[in-house]
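Presented below is the structure to which this report refers.
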Amino acid sequence: MEEVRQDGGAKDGIKRSSATSVGYESELQLRVRYQETDQMGVVYHGNYFTYFEMGRTELLREATGASYRHVEELDVMMVVSEARCQYLKPARYDDLLTLKTRVARITGASLSHEYELYRDDVLLAKGATTLVCVNKEGRIVPVPDWIRNFNKGAVPGNSE
Amino acid sequence: MEEVRQDGGAKDGIKRSSATSVGYESELQLRVRYQETDQMGVVYHGNYFTYFEMGRTELLREATGASYRHVEELDVMMVVSEARCQYLKPARYDDLLTLKTRVARITGASLSHEYELYRDDVLLAKGATTLVCVNKEGRIVPVPDWIRNFNKGAVPGNSE
Amino acid sequence: MEEVRQDGGAKDGIKRSSATSVGYESELQLRVRYQETDQMGVVYHGNYFTYFEMGRTELLREATGASYRHVEELDVMMVVSEARCQYLKPARYDDLLTLKTRVARITGASLSHEYELYRDDVLLAKGATTLVCVNKEGRIVPVPDWIRNFNKGAVPGNSE
Amino acid sequence: MEEVRQDGGAKDGIKRSSATSVGYESELQLRVRYQETDQMGVVYHGNYFTYFEMGRTELLREATGASYRHVEELDVMMVVSEARCQYLKPARYDDLLTLKTRVARITGASLSHEYELYRDDVLLAKGATTLVCVNKEGRIVPVPDWIRNFNKGAVPGNSE
């Protein structure tokens, strides 16, 4: 994305020296559904945020082996506090798209991702979200360590 | 709808002699959103079930003064066990539609509704759903009396 | 349901001296649908962009008497080029929300709106979008004058 | 994600003697998105119809090599005239589901599919849809031969 891709992609199997998961990037392929189009003949702009959600989910699974479902079972909910998207070219029905998702920033209680959506080599959209960790009472809690560091060994009680 | 409309519509202000809410009918107006269309230029067929959900919600509110949110707060969830729709003519973006919702049948633990969707006097679609009452553990429970009879006085703890 | 309340113009009640529609504001009430919630028990963040679409549509209708459907019939499509939202407090099922939509900026070919979503007096979310006018070939075209100036008399061929 | 597993035809492995595609079955795997859940913590019932749409699309692609997008480019639209679903057990966030789609019936201008949705070996839902072929003027037209017979060689102008 905008910044240099760090060594965090884990695609080479080399453990990142960095203490955090910032820079970790993963890719997802998705097929545009008819339901996602609107009468302009393109993907409705609001649906890109669903794609981004899928990107975050698969990044977490790839990096930690755990599902976001597991995060919620541990009584942490990651609430979207900010979301934005720039639409460069339309995505269309049945397009096979590639979504690149990257961990952009981590603070005490928040996690920011950046997204790029491609059809072949054409960049269609760029987006970003920030998630805040809260417990079931809605109180802000720290980003769990195993998410902060993408340490598979440290996922509590994960049996997946 | 298909059967004769009973005296239960309450539009005349006369209390139904029937012991149940079967036959109760209410009307809702709704405006088609751009998001609901697909690239055929019509409302995506799956979205009619969202309209039907709105019809059930407003019928309950009109008949009892209580929201379906209140039903869930009383630890009853009304789970859709069956849904169907016949599409006669397309609904389009920005159409102002009229949805007629009617309680069609009540059994021990289930509640069936029928729906008719109109643009002006043109019938666009007909549908039906069946809901089953379950508690938070997923066990089937009886339809609450105040829903069975649409008895406003009997809504437990309703403060709306 | 989903009625539009008239606001009659700029926030401060002062008639805009500018020849453009910048500053025009309108209000919309909307009821949260069950379908719009997610398993966190709140409105899914992507759905706010559908609310914003409704706000733009009703602002245009209120200001010009014309529907956005009419705009497309005139061979102008207003494509979303940018969208963002800040989520402050969650909206919940069955909430009756007030959406304030304001024309924030107009350039040669683009139109920007800002949005505030309230439950009673509590601000739940703030958003913004930019639309670019294109014709059916996808070429960028100027914002039509009747939209730039909200001049009801100048809406071409409008019969609504 | 969302890969299509080949099934290669009729359920029993016997090549259909019929000249039509009736009985052709295909399988699709799909991952439940967070956006698809509702506050009951399960997939919103209306979203199953989107899954069914995906099943039809992948069945057509698998059987003919052509996308439904190609069908529309040939000026045939397949409009849903009827849809129904029976919900047996809830699907949940992040579930990896298997959808079996089968061509159930073909008439002069219509095509009916049946669907079964599984999580592992557990049947979650059964559905059915009927599509009617119309041209861009909305007039009913025959089911194209290459769809009726799933004859890959006969797909007009298909370059995929």
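Each chain gets a letter, A, B, C and D, in the order it is written, and its residues are counted from 1.
The working rule: contacts are C-beta pairs under 8 Å (C-beta built on N, C-alpha and C of every residue); 3 or more make two chains touch, one makes a residue touch a chain.
Just so it is clear, the model here is predicted, and its values are computed rather than measured.
Comparing chain pairs C-D and A-D, the larger number of C-beta contacts belongs to A-D. Interface equivalence for B-D, evaluated over B-C, A-B or A-C, points to A-C, where over half of the contact pairs coincide by residue number.
Farthest chain from chain D, judged by C-alpha centroids: C.
Spacing of chain A relative to chain D, judged by their CA centroids, is 29 angstrom. The distance from the centre of chain C to the centre of chain D, each centre being the mean of the chain's C-alpha atoms, comes to 36 Å.
Residue numbers of chain A whose C-beta contacts span two or more other chains: 34-35, 39-40, 46, 50, 53, 93. Interface residues of chain B, counted against chain A in their complex, comprise 34-35, 37-42, 44, 46, 93. If you check the complex, the residues on chain A that touch chain C are 39-40, 45-47, 49-50, 53, 77, 79-87, 90.
Of all residues in chain D, only 1-2, 31, 33-35, 50, 53-54, 57, 67-69, 92-94 touch chain A in the complex they form.
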